[in-house]
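Have a look at these structures, which come just after this line.
Consider the two complexes below, in which chain A is the common component and chain B and chain C are the respective partners.
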Partner chain A sequence: MAWLVVRLAISVSLLYTASAVFEDQVGKFDWRQQFIGKVRFALFDTHSQASKKLLVATDKNVFASLNSRTGDLFWRHVDKTGPEGHIDVLLMYGQDAVVVVGNGRLLRSWETTVGGLKWETVLDTGSFQAATLVGVQDYVKHVAVLKKSAISLHDLSSGSQIWVENLPDSDTVQYQTIYSGGNGLVFVLGVVPNSHIVIVEYKIEDGEIMNKKSVEAAWMSSLENSCTVISSGILLCADQITQSLYTLPLQSAEQKEMRQIHLQTLDLEVASGFQPVLTSTRPNPAQPPLSEFFLQLSPDHHILLQLKDGLIAPLRDFNPSYLAAFATSGERTVAAVMSPKNDTACSINLFSADTGRRHLDTTIIYHMDPNGGKPNRLYVHAFLKKDDSVGYRVMVQTEDHTLTFLQQPGRVVWMREEALADVVTMEMVDLPFTGTQAELEGEFGKKADGLLPMVLKRLSSQFILLQAWLAHLWKLFYDARKPRSSVKNEVTIDILSRDEFNLQKMMVMVTASGKLFGIDSKSGTILWKQYLENIQPNSVFKLIVQRTTAHFPHPPQCTLLIKDKDTGLGSLYVFNPIFGKKSQISVPALPRPVLQTLLLPVIDQDYAKVLLLIDDQYKVTAFPSTKNVLQQLQDTASSIFFYLVDSSQGKLSGFRLRKDLSTELIWEVVIPAEVQKIVAVKGKRANEHVHSQGRVMGDRSVLYKYLNPNLLAVITESTDTHQERSFVGIFLIDGVTGRIVHEAVQRKARGPVHFVHSENWVVYVYWNSKFRRNEFSVLELFEGAELYNSTVFSSLDRPHPPQVLQQSYIFPAPISTLEATLTEKGITSRHLLVGLPSGNILSLPKMFLDPRRPEVVSEQSREENLIPYAPEMPIREEWFINYNQTVSRVRGIYTAPSGLESTCLVVAYGLDIYQTRVFPSKQFDVLKDDYDYVLISSVLFGLFFATMISKRLAEVKLLNRAWR
Partner chain B sequence: MSRGRKVSNAVLKRRSDVMTSPGAQGGGALATRGGATAKRMKWALELSLGNSSRNRGDRQSKDGDVMYPVGYSDKPVPDTSVQEADRNLVEKRCWDVALGPLKQIPMNLFIMYMSGNTISIFPIMMVCMMAWRPIQALMSMSATFKLLESSSQQWLQGLVYLVGNLLGSALAIYKCQSMGLLPTHSSDWLAFIEPPQRLEIMGGGMVM
Partner chain C sequence: MKRLLDVYVALQALFALSWCFSDAEPGPVAGSPSNGDRFKIEGRAIVPGVKTQDWISTARILVEGEEYVGFLKTDGSFAVNDVPSGSYVVEIVSPSFRFDPVRVDITSKGKMRSRLVNYIKTSEVIRQPYPLQIRSSGPHTYFMKRETWGWTDFLMNPMVMMMVLPLLIIVLLPKVVNTNDPEMRKEMEQSMNMLNPNPELPDVSEFMTKLFSKGSSKSSGGNKGSRSVAPKRR
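Let's look at the complex of A and B:
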């Protein structure tokens, strides 16, 4: 019976929290963009002439097929992260794509049209070196995989292993390359650095070693980077020190030394310090490669050479040229070369590979993005036109991971910004008002100077409004006459303005590659992008909004702090988040490594918030640092505090700012690093508002919340990872005084810990290693029935410790990330947004994570609307805010308040980006989407007319009665 | 009073009878001309006596009436001077008025008990009515005083009336209180508490 009551209560409580998107709302205010990451391998499907497929494998362990006409994904397979899912090589033959995954762990074959897995084979252990398709008599039947100490041959149609052989002397020889010329033999090439090359010849049928020889090559350190096989099995190597090319026929038994060809004899020279690169082409994997090859002598110098009768002859010199690539269509092989045209554009031309002659009318102009990176890879898709000439399209990859697909004469067919697959941090910035809105807004800002000028000002601004309205009407009229298709509602920066409820914002995204993006949150259109060059791959970014759009005519201002992990030095990049332009403001030089930043609520005379940067000598730099700011800082210095957490030493330290912008250490908490390690620290979000200062109890008294804005949640994990002894600790520390307000330990628990710290609560998730399940735990802090001080909050004057309540729940799924919704005034109830590894984002009402949930239902708890305690946390499909639009590898969720109290903007990012709105308490402040305006207004008008008519009738009747 | 009204009715009848004497011809003509319509007339004057064919029979019996002048009544006129019994009546009436609100209290208590403490439309309506009636009565206090003017115990009655109404409104307030409609708890003022101002500014984080 009790259970029945509990269940009833739960289902009733679920009834009004359940919310999901209706079918007709799909895509109305949400969008998703799918990315693949930085392309490492790209192959065009040349199997048939009409094929639109482009197969790519990326550094994000994604294997995908793109539509080469539109750039959209046909299909995408996302493998495990890290080295386990790393794609080592991608080979393609006909309809099959063969992939080696996880440093030679798995060999997979994919069907390229639908992306289905044909077969998968687990390979023997050993680090992967190379793989190649092995053909016999113009037909590819096998794939050979070279490991560090073994070679195996697999059947291409079934994946079954035909044979595996150990390589001779694999402890001294580094086997690196594998080659098969289609004549029943597989050559394995190894090198003993600075000594000799080893060539082992295997028979395809049974793996028998046919021949083994070693050739002197004292200059060689690595085969992979400097050698290639051309023509009918001739090994070609380039060496920078001796300035020579070396050739060696693989099959000849008598030649004991490589033949040296000095580059000087060809009138060539390798740029100093540049490792020459050889590029050969092999149109058909069952046949030997062509005898033509590219030699890159310097970053912008390529030369097309040909090996003929043992002699190397230059066919064409491309100087300057950035990139060169071969492509084959049918029987014809062409070479595309990208050369600089002027400062902003490059031209790509097509040359026939066998003669080096330029094809006429094949120029593609590639306009380099001034805010992008330099091109670094060129992929060419050649095809035969109807008149039997060769046409081509190119895909250019740039340093900022952008893919641009071009066709003649330079039209950009599509573009993919793959840098967005790795968003590091983001912010949402309000859009500016339109000119008219700003005009009205500006009127209140202007100083009043007499009655008449004020009236005139008001009149003039209203005249401008009228003008704008008329222009708008005219535009509507003009657009209405045009056919619907020609009216494009493209979003551009110029027409961008804040909407009525501030639901449309600018998403400023910082990616790991150092490219910044400005994205319209409504449509997902990229409005601006800016590539910051010379960003180290492991840099740390911190994005700070210093000035919002609220201070017209001052432009909004964002500051990006970039810290290089290796040198520790940081730099500031200041820009306008709406237009993406770099600001002209002078940026302070940061000669010392920056440890942390602090954004003060203090503003300078231009309404920019002051950013303090603390360096490794605990000195503080202010930005901006005008006289006004320094004066304000001096006045408020005694109330500005820093905390720094050094995870390696397990030390938390607090500092107070002095008037001379130095700091003094005021507290220190040491959490012994041998026992437990500090994993994460979080304060509260600066833009969070708490509307209600307490909670109403069942007896209508108030339990006041402990709302300490300086509270920090510190999560630690034990260094001992044994499942019986591991634990997760949480410390609530006051960041000003260093006082430990509360500490809790979860025994037999393990990370990774995800947590949210907001209002007066902390929610954290950990893995319970005893029961093998994920658990949620919630901590809530209350001051009690009375407020200690209701007007001001000072951490220095808190004599009473808060009451702490805690409860834990079982969560039936692993978790990728955790975030809480945020609204303008904090009236709306809170939801937790839980990113699941499946790609779904669960909107979990905070109501379920309430430590006051009673085990026994009482009158008072019912009065409070508390759900009876149940250990299991439900996951309901209708709570997935992204229905079937899953976000692959969700890494972070960003929430921002909108102008509507009911609405919170959510952006989930990972491999994909998903933007939506959530309404934790439903849309209580706006009419619903499906509000029946027609019905309501027709009823209204109907009633109005009925009233009019009946009034008239009543009058007539009264008159008649009076006459009677 | 009713007696007086009867008297004047009788006078009117007489008068109409007297007025009938001259010009009966016209009336007669009118009556004969109309035929059926004559009967539907709203009023008619009979100017000649005895000529009328309608009620000659009963007229004949009251022949002597004609002799009385206009306004003459053969019945005695009642004595309208205030008597002791009437004064008592007024007093009683005034006490009725003064005690009215007090008399309603048991009824209200019963309604209160019946409607319960749940907040729904009917109890709310009851409470509103219960609260509104005494307030209305208190507002029209001067009118009630005027009513009680004739009583000798005017002030006492007024006081009783006032106390009764106050009791009624107190009852309504008690009902509101028991229904939880009065902002008497600290939770009712929770929304008005401003978030405290923070005195310290703090920031930082993990060493970057």
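Let's look at the complex of A and C:
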């Protein structure tokens, strides 16, 4: 019964806090883009001519089917992150795609039209080497998987294992390749580096070893890349040191060593230091490969060769050429070669594989993006035209993970920016004013200079507004006359300007590959992109907005700090976030590893905020470092503090800046690293506003919040991971004085800990290992009934410790990430945005995470609108702000205030990107979008006419009475 | 005197940032345990009245968050391989259909049982069938209903009814009932007397006005007069 009361109370309170999406709002102000990651394997479905399928497997452990006409996803399967979901190989036969996952852990077969699993089998342990389809008499029935020490054969239709055999001498021989020519035998090829090659023959029916031989090959270190099987089972290898090709028939018993063919005899030479790459093609997995192959001699030199009667003859030399690939349609095999045309474009041509003859009219021009990377993979889709000639389309992959699908004569059919699958950090930047808007703003900014000029200025600005409105009306009229299809809402940088409520912003996204994007938040259009070359793969990025768009005519300025994770050395990249152009400002050199960055509210004469960079000798570099800035820094040095974290030693230390830009240590907190390690440290967001200083209680007194802007929340986890002894700790430390304001420990708990630190509260989530559930805990800090110093907050003068309230709740779902909404003035109630592994984003009212929720309802708590305490947090589907637009592997949620107090902009990123707006307290400052204009105007008109008519009637009546 | 008005602290250490990155992706499990003590969670998902090919490509099976991931077969059945013994919450996530999670316990010998998820009483066992049979409870209800405006809503509003009904009575009654008919008038007068059975009983309001306005008895007298006049006029 008590439960029922609580439930009822909750549901009543929901009436006030619910912030849900209405069905007609779908797609109105939100959008989602789905990504797959860097493509590792891509196969076109050549099963039928009309098929549009393109199967891809990526480094993000995603296996997907793309529509090759539009680039959209048919379906996508997202596996576990990390090595356990890693896709080792993708094979395709007919409607089935066979995938080996997790370093040979699982073998899966997918039904590619529906996107469902056909079967899945667990493979024996052992690291994966290779897999191949095995055919017998033109028909593929099996798949063979080679592990480090075993080979197994599986049935293609059911996945059942037919046989598994241990490989002989697997401790000395490195087995690397597997080959089957469709004649009932499987060859396993291994190598003993710099000694010999081992070839083992297995019978398909029962796995019996038919033959085993070893061939001298002292020059060989690895079979991968430099070797391939061509023609009817002839192993072909290339070696750079001896400048030779080697051939060996796999099946013949008499040949005891590999036949050497000097490249000199073919007038060829491998570039020094380049490992030659051999590429062969196999149109039908049940038949042996073709006898033609590509040999890559240097990064931009390919040659098409043919093996005929034991002799190798060059068919065509492609010099220069970047990329080469084979493709087959029906019985015809072609080769596509990309060669440079000029500085900005490449041309792709088609050649017949068996003769090397060029097909006429098959040129595709590929324009290289000057802000992108170089092309590094070429995937060709060949098809037979009606006149029996071969047509083709190509997909070009570049270093920055972009996929471009082209057709003749160079039309870009679609493009996917797969770098966005790995967004590391982002910022939202206000759009600039247009010229007229800036002028209007300028009117209010300037000092008054007499009555008459002010009036004139006022009139002129009104005139400008009128002009703009007329132009807008004209445009509307003009667009209305055109057919709807031709009116396209194309967004370009030139027409971008701030809208009425500042709801449209520029999203600056930094991806792990080093590519920067500028995306329009309203439509999701990519407005600019910039690929930064030479970024180490494990770099850490930090994006800082130094100057916003508010300082016209100075352009906005963003600074990206790129830090190598291993060396700690950093570099700065300064750019304009609206146009993506690199700034010409000189950047300080950073010779030492950067430990900490600090954005000061001090501005230089160009209105750029000053960025301080602290290196490992605690020296401070200021950027920009003009005389003006240094002067200001000297004046304010005594009040600039910063902190450093050393997680390996569990040390937090606070420093103060001196006038000569050196630093002095003022405090140090040591959290013993052998017991617990510091996992994360977070302060409050700099752009956060708190509207009310306190909370009004039921008895009309005020409970003041403890609003310390220097407070740091430090999360620790125990080093002991045993279920009974593990714990999660939280410390609240003042960043200026180093005083520990509060500490709390959650026993029998472990990470990963997600937390939000804002206003006067910290919310954190941990895993309760005793009860196996996620729990939310909220800490709120209050000064009490009186404020100590209500005018200004100083960390150095705080005699009274704050009152700390804490409450915990059960959260009935796992959690991926956590963030809080943010609004312009902080009047709107706060919601927590919880990213769930299912891809939904839950908007949870902060009201539910209030440590003052009473266990027993009293008159006062009802007055305060407190929800009675319930141990389990509710999850309602109406609170999912992204309805069915789920965001896979959500890794971060970014919130930004808009010009409207009620509205908060939200971007969730992970594998996908989702942008929306949330209204935590509903839209209280604008008319709702379902506002009934028709009703209100019809009522008004109705009343108007009613008065008219009744007036007339009254007149008539009066007249009649007068006559009587 | 030192003024410490502006105290600035850097709000985010760089390393903290880098940890966040590594936190997001759970690291590989240290040392791969042998295949012997790894088990398989099997089951079937059913959406009544919907063909499997319409929804299986967007659905996944999540075991304990994203710790183990499984996919659905074309017939709606699933198997999550390589799961060590322990207790897990198995959930089918689909953007279109709702499935209730189930807790699956695997003993170290590989015995399986499934039960309802109860986060408050975690040891409570309400058995569910194993292999799992998870039936969808319908499509997700992501959207709130708009408050639609209709004439019936307007008319059924109690405030409106309170306003409209007396209005109707005032306007329509005199038209329906012919007041000029003397018989009718007589009848009405009788019924009025019926309503006020004892005319000698003092009226409460009259009593109150008398009580509070003793000084101005004239006005009360005037009141009386008007009251006595009123029935006559009718």
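Keep in mind that, in the parts below, the second predicted complex is superposed on the first by the 908 of 964 C-alpha atoms of A that agree within 3 Å, B and C clash if a C-alpha of one lies under 4 Å from a C-alpha of the other, contacts with A are read in each partner's own complex, and residues count from 1 in each chain.
Rule of thumb we're sticking to: contacts are C-beta pairs under 8 Å (C-beta built on N, C-alpha and C of every residue); 3 or more make two chains touch, one makes a residue touch a chain.
Quick caveat: nothing in here was measured; it's all calculated off a predicted structure.
By the document's definition of touching, of the two partners only chain B reaches A:701; chain C does not. Once the two complexes are overlaid on the shared chain, A:590 sits clear of chain B and of chain C alike.
Using the contact criterion defined above for the overlaid structures, shared-chain residue A:683 touches chain B and also reaches chain C. When the shared chain is aligned, chain C comes close enough to touch A:79, but chain B does not. Look at A:114: by the touch rule set out above, it reaches chain C but stays clear of chain B. For chain A, the partner with contacts to more residues, out of chain B and chain C, is C.
When the two structures are aligned on the shared chain, A:666 is found in touch with neither chain B nor chain C. Once the two complexes are overlaid on the shared chain, A:192 sits clear of chain B and of chain C alike. Judged by the touch definition given at the top, the superposed model places A:277 against neither chain B nor chain C. Shared-chain residue A:365: touches no atom of chain B or chain C.
The intersection of chain A residues touching chain B with those touching chain C, taken from the two complexes, comprises 540, 542, 563, 594-601, 636, 639-645, 647, 680-681, 683, 709-710, 735-736, 792, 794-796.
Here chain B touches chain A in the complex through residues 180, 185-188, 190-191, 193-208, going by the rule given at the top.
The residues of chain A lying in touch with chain B in their complex are 540, 542, 563, 570, 594-601, 612, 614, 636, 639-647, 678, 680-681, 683, 689-694, 696-697, 700-702, 707, 709-710, 735-736, 787, 789-796. Across the complex, chain C meets chain A through its residues 2, 4-21, 23-29, 32, 34-35, 38, 40, 52-53, 56-58, 60, 62, 64-69, 71-74, 78-79, 81-82, 87, 91, 93, 95-96, 98, 117, 119-120, 122, 140-144, 146-147, 149. In the complex of the two chains, the chain A residues touching chain C come out as 18, 20-24, 74-75, 77-85, 105-106, 108, 111, 114-120, 122, 124-125, 424-425, 540, 542, 561, 563, 565, 594-601, 636, 638-645, 647, 679-686, 709-710, 712, 735-736, 751-752, 771-773, 792, 794-797, 810, 812, 814-817, 837-839, 871-872, 877-878, 880, 883-886, 889, 891-892, 930, 932, 935.
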